[in-house]
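The letters A, B, C, D, E and F name the chains in turn, as written, and every chain counts its residues from 1.
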Amino acid sequence: MEVTLIAQGLDLMLFGMGTVFTFLTLLVGVTHLMSATVEFLSPAEEINVKAQGSMPPLNPKIEPNIVKAIQSAIDQHRGR
Amino acid sequence: MENLISLWASSGVAQIEFGQIVMMGVGLGLLFLAINKGFEPLLLVPIGFGTVLANIPGAGFDAMPIYDAMGQMESPGGLLYYIYHAGIETGLFPLVIFMGVGAMTDFGPLLANPKTLLLGAAAQVGIFTTVLGAVGLSHFGILDFTIQEAASIGIIGGADGPTAIFVTSKLAPDLLGAIAVAAYSYMALVPIIQPPIMRALTSPEERAIKMVQLRSVSKTERIVFPLTLLMLVAMLLPDAAPLLGMFCFGNLMRECGVVNRLSDTTQNALINIVTIFLGLGVGSKMSADKFLNPETMGILALGAVAFCIGTASGVLMAKLMNVFAKHKVNPLIGAAGVSAVPMAARVANKVGLESNPQNFLLMHAMGPNVAGVIGSAVAAGVMINLVGNM
Amino acid sequence: MENLISLWASSGVAQIEFGQIVMMGVGLGLLFLAINKGFEPLLLVPIGFGTVLANIPGAGFDAMPIYDAMGQMESPGGLLYYIYHAGIETGLFPLVIFMGVGAMTDFGPLLANPKTLLLGAAAQVGIFTTVLGAVGLSHFGILDFTIQEAASIGIIGGADGPTAIFVTSKLAPDLLGAIAVAAYSYMALVPIIQPPIMRALTSPEERAIKMVQLRSVSKTERIVFPLTLLMLVAMLLPDAAPLLGMFCFGNLMRECGVVNRLSDTTQNALINIVTIFLGLGVGSKMSADKFLNPETMGILALGAVAFCIGTASGVLMAKLMNVFAKHKVNPLIGAAGVSAVPMAARVANKVGLESNPQNFLLMHAMGPNVAGVIGSAVAAGVMINLVGNM
Amino acid sequence: MEVTLIAQGLDLMLFGMGTVFTFLTLLVGVTHLMSATVEFLSPAEEINVKAQGSMPPLNPKIEPNIVKAIQSAIDQHRGR
Amino acid sequence: MENLISLWASSGVAQIEFGQIVMMGVGLGLLFLAINKGFEPLLLVPIGFGTVLANIPGAGFDAMPIYDAMGQMESPGGLLYYIYHAGIETGLFPLVIFMGVGAMTDFGPLLANPKTLLLGAAAQVGIFTTVLGAVGLSHFGILDFTIQEAASIGIIGGADGPTAIFVTSKLAPDLLGAIAVAAYSYMALVPIIQPPIMRALTSPEERAIKMVQLRSVSKTERIVFPLTLLMLVAMLLPDAAPLLGMFCFGNLMRECGVVNRLSDTTQNALINIVTIFLGLGVGSKMSADKFLNPETMGILALGAVAFCIGTASGVLMAKLMNVFAKHKVNPLIGAAGVSAVPMAARVANKVGLESNPQNFLLMHAMGPNVAGVIGSAVAAGVMINLVGNM
Amino acid sequence: MEVTLIAQGLDLMLFGMGTVFTFLTLLVGVTHLMSATVEFLSPAEEINVKAQGSMPPLNPKIEPNIVKAIQSAIDQHRGR
């Protein structure tokens, strides 16, 4: 039983890492292929988002009181 | 008099057990770490508070509802009971969180440099090594883990809270509290755990490697990528489809540009509401009998090991890639493969700046960082598939 | 080895059936229409994605939860299972959406010119003619629809997504996927379907009719109207009360001016959250066995017919009204009676501008447009009442 | 049975459209009555919302270029 | 013909009972009070509308779902049925509301002057006196209340909607409609009910007392206070822990400064969504047989008495404290101890300004005001504990 | 039975108010103790929120300079 547990752990290790690497390696290839296909099909597409320049989008929110301020400013502005 | 006795008998002081006092202390400790030390507060504040609530004797936060023979409710269940059973046992909350995380994720850097996906793969070595460690401890009779529990412990090394909660709620719900706390704590400790390992495994020259600037990524690529990933998952590993499916759905809503109001709500009101209840629900599993035992110590230790091995594997994989690659990769970004988005990427950037003040690695590290999320979800899918048949 | 076999056996490639491949293609096609062509993306993005998820073999998005004899959960259900059973089978999601739509609806133009309600009534002819068409196809053995299914198909002509989903989930849940997709697709196609019909049925002079400016509507009228409508529904057709009751509730919150924070949340966070889950839940009914059959072709064809007849009826009704009325109505606004808010009103405006560049019909068309929502909900109530007794 | 189906369809048509027209015709009358009553009870009420002038509230979102303008204003304000 | 009969038989006109007409009138009356008079519109608009909906004959808003022998749903339940059973019977909605109220509460003034807690305690005399009144009416055979019902009626005097709903849904669900309506109505009437009592019990000199300026309160105190309160509740009165636990959790999220996005959602989208459904769900208990009886009149009368006694007790307690205290308290702020946040504090400020135009009592009154919330929750805990054993 | 009801009411009154007063009196003491402890442990903490000066948080005020900044941003934007 306990030998089986170790064996199960080794199996998990082997097939688990195997799958992870297989999957992600495939994904590398598929992604390259995808990008190439997209480029081939729409070469002239405007590229407006530069990956280099953009910050990671993890704090996308403006503080709520500022949002309220803006909302009221816009309402005022619209003359409502 | 009878009333005084009733009030006294039902008071916390009269009922409290030692374990509950300790667990309340644990809950307050988590709140301290979250509030004073800034440890993943979005999750640890609700988890810590939920821990305190769940251990108030007689408050019934975790009570089951009672129905009479006619199916009529006699007394309602506790708040944490409902949260746990509706949102965590069913897997709904982690999946909704993953949708929200997808809506917050920018795949741009990954698309600009897809081979960093391999760094996200390598970092998952931490997960499986830890499973081995857990079964080893069990084998030698030091602790007692089933293979389901070992698999859940391993996933701590994925540095991905919702993935850890999703897997554990399926495979080893009794360990949910300990594993969730370990996962989020170590994610918060990334800036302390990772740098020494990163420095030990790299030379100053390697740390100073400047990477080529990332190419621009078109809107179409960003839209097609989540669908591509979903198709690959569907074809190869459907057990990972719930997690990655919702992740891709959130990301597609973000990138497609035509459902911005849905994407905004997903990134804000929806994920916030679910985060509050997920945290409280995890806290409900932090009872003394489930947490105060040697296994928890083992889980915390194994989780730390998992993080270290994952970090090391990512760095070493980057060095291995450099043996073959034309454009060298700075091996520091390999450490970001454990996920812990975006903390690990920031750590890579910071350590990189120490060796070369002109070398900004942040965006380069975001690739392996989000790759680590995918990698962990794939590992989770394998675990659920294989362990379910063991 | 056993593990490899398990992984392979549970992979999508090994399990997938032809129908699932086709349905994934349908899902991706819906996403394409939504994202590239702008077809009602708020609903078709979630529906399309839900379709893909529901057809991933082995992912279990639609799996039922399994309980042991003690009532303890053995394995949780899939995400789409929970969404469908909690939100769509119960009718809750369409009703909450209707509350949100009510909170977004401005009854002002309708109140300024109440006789446009008749245009909203006329456009419902499309619904009932389509029911006749469906039973006709069944009668001649071409397709096979029950009266419940025929009624659900007819409601596509109402051009009102939540109404169609509400009725279909009550009368013919197996057709939910096909009917929801048809309803939203045709709503998106309004700018293509309607103009030729509108031009064919009107003379250039009619299209150039300039309508008298709408009178101002007081705040009190706006507050009292939803309550008046509710009372009329309560007295005459309680079967329409769930839909119209929630619609009026949302509108009252909007207009009463004292619960703006509730109204804002209803129009934003709440309706967005429910829209996401409603779409995914509808997608869960898009399985090959329920969608890939001749009946779906029939539904799509009948839905298109319903739209055309509804449009024509609205226009003709407007012309009929002009025979008697003092203030002439531009017959183009009759086409807006199918609802499809606000698309149909914009189409009326656009076609009107072609004949008379100074003639702005948008606000005049908003009256029949929201009248069409009321009309469809009334038709839905009649259907549920009568078909329930057949 | 199939004859019944057609009959059922005709019944639905007849009673369905009948109800729809009856209901909405009644609603026309009731709405006129309601407006008249409101006008009668509070004739001097300020009428601040002109139906003609206001856009339908179905696109309550702010135009994206305005949002951008505001975003940059806030960034400036914060000294970022 | 059969169809005409079916339509007629199911119409509201044919089915309506006199009680339903009256209850619809009650619902419209609540809407009038909420919209025209500004009576607690956030709750009374949904409650009033829910009352109308629940009394539409044949609309089935309150219908139970029907399942066949296999557990398959035959017909879904009504919207209000689901809301009531999922959110109110379980106690979830009041608890979530309390979390939101906690996130909106500023304990600063209370922390600056903790002895005002005693004013919040004194105001609860209204609760328990009213219980006595209710059992007295029952004793003399005038009305018929059980001790559970008497306890629920008393809690109206707590001037705290969610607390009243939470207690009543546990002890006397049949009275939920009447008690919730009474609680919110009297909270709205605070500016009318309180001032005469306040003036009658104080001299002009007392009303002109100027209080010492409140000291500053540090961020740490604000963070530690909700935890301190929670611990005290846990140790002494766990039956109050659900309400006060969630209240403290909301307040901790507000004050800790590291989970602002959770706090914002709690104060906005989440509390708004739950408020809408809580109100509708309460409305579902406003059926004629539960509301139109002499007991409701008794509840309304007793509730008014409870408010008056609570107000008086608070004022008198403040005068008693002045006998011993060094720094005099303006007795007007004692009236704020009934809670009804922030209305009662504003009333104290307004009445104070009449006697001394330079004397701003608002911040001083916020202390007893939030103390009243705590006091009512403690009273609720005692009730649930003691009455459960009677 | 009815006598019992009165007795139960009196019991509720007695033990209820007793508990409420005991609890809140204790809370007064514990709060004082808490504040003293906090003060003792971190005496130099910056006290940035003056209770006296701040309005109750039920009508969150927007800073006027932010409103001005936004207003001017919108004006600029529209003036463009």
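In this section, a contact is a pair of C-beta atoms (placed from the backbone, for glycine too) under 8 Å apart; a residue touches a chain by one contact, two chains touch by 3 or more.
Since we're looking at a predicted model, the values are computed, not measured.
A.B. asks: Of the pairs A-B and D-E, which shows more C-beta pairs in contact?
C.D. replies: The greater number of contacts lies at A-B.
A.B. asks: Please determine the option from A-B, D-E or B-F whose contacts repeat those of C-D, over half of the contact pairs being identical by residue number.
C.D. replies: It is A-B that reproduces the contact pattern of C-D.
A.B. asks: Taking each chain's centre as the mean of its C-alpha atoms, which one ends up farthest from the centre of chain B?
C.D. replies: D
A.B. asks: Centre to centre, using CA atoms, which chain is the farthest one from chain E?
C.D. replies: Result for the farthest chain: A.
A.B. asks: Rounded to the nearest whole Å, what is the centre-to-centre distance of chain A and chain C, using the mean of the C-alpha atoms as each centre?
C.D. replies: Centre separation, chain A to chain C: 33 Å.
A.B. asks: If you average the CA atoms of chain E and of chain F, how many Å lie between those two points?
C.D. replies: Computed value for the inter-centroid distance: 17 Å.
A.B. asks: Roughly how far is chain D from chain F, centre to centre by C-alpha average, rounded to an integer in Å?
C.D. replies: From the centre of chain D to the centre of chain F is 42 Å.
A.B. asks: Taking the mean of the CA coordinates per chain, how far is chain C from chain F in Å?
C.D. replies: The answer is 47 Å.
A.B. asks: If a residue has to touch 2 or more other chains to count, which residues of chain A qualify?
C.D. replies: 11, 15, 19, 61, 66, 70, 73-74
A.B. asks: Pull out every residue in chain C that's touching 2 or more other chains.
C.D. replies: 3, 7, 236-237, 268-269, 382, 386
A.B. asks: Quick one: in the complex, what on chain C touches chain D?
C.D. replies: Residues in contact with chain D: 104-106, 108-112, 114-115, 117-118, 120-121, 124-125, 127-129, 131-132, 134-136, 138-139, 146-147, 150-151, 154, 213-222, 224-225, 228-229, 232, 236-237, 267, 341-342, 345, 362-363, 366, 371, 374-375, 378-379, 382-383, 386-387, 390.
A.B. asks: Where on chain E does chain B make contact in their complex?
C.D. replies: 85, 89-92, 95, 170, 223, 227, 230-231, 233-239, 241-242, 245-246, 249, 252-253, 256-259, 261-262, 264-266, 268-270, 382, 385-386, 389
A.B. asks: Which bits of chain A are touching chain C when the two form their complex?
C.D. replies: Contact set of chain A toward chain C: 11, 14-15, 19.
A.B. asks: For a test of understanding, state which residues of chain E touch chain D in their complex under the given definition.
C.D. replies: So the residues of chain E in touch with chain D come to 3-4, 7.
A.B. asks: Give every residue of chain D touching chain C within the complex, in rising order.
C.D. replies: Counting only chain D, the residues touching chain C are 2-3, 5-6, 8-13, 15-17, 19-28, 30-32, 34-35, 38-39, 42, 45, 47-52, 54, 56-58, 60.
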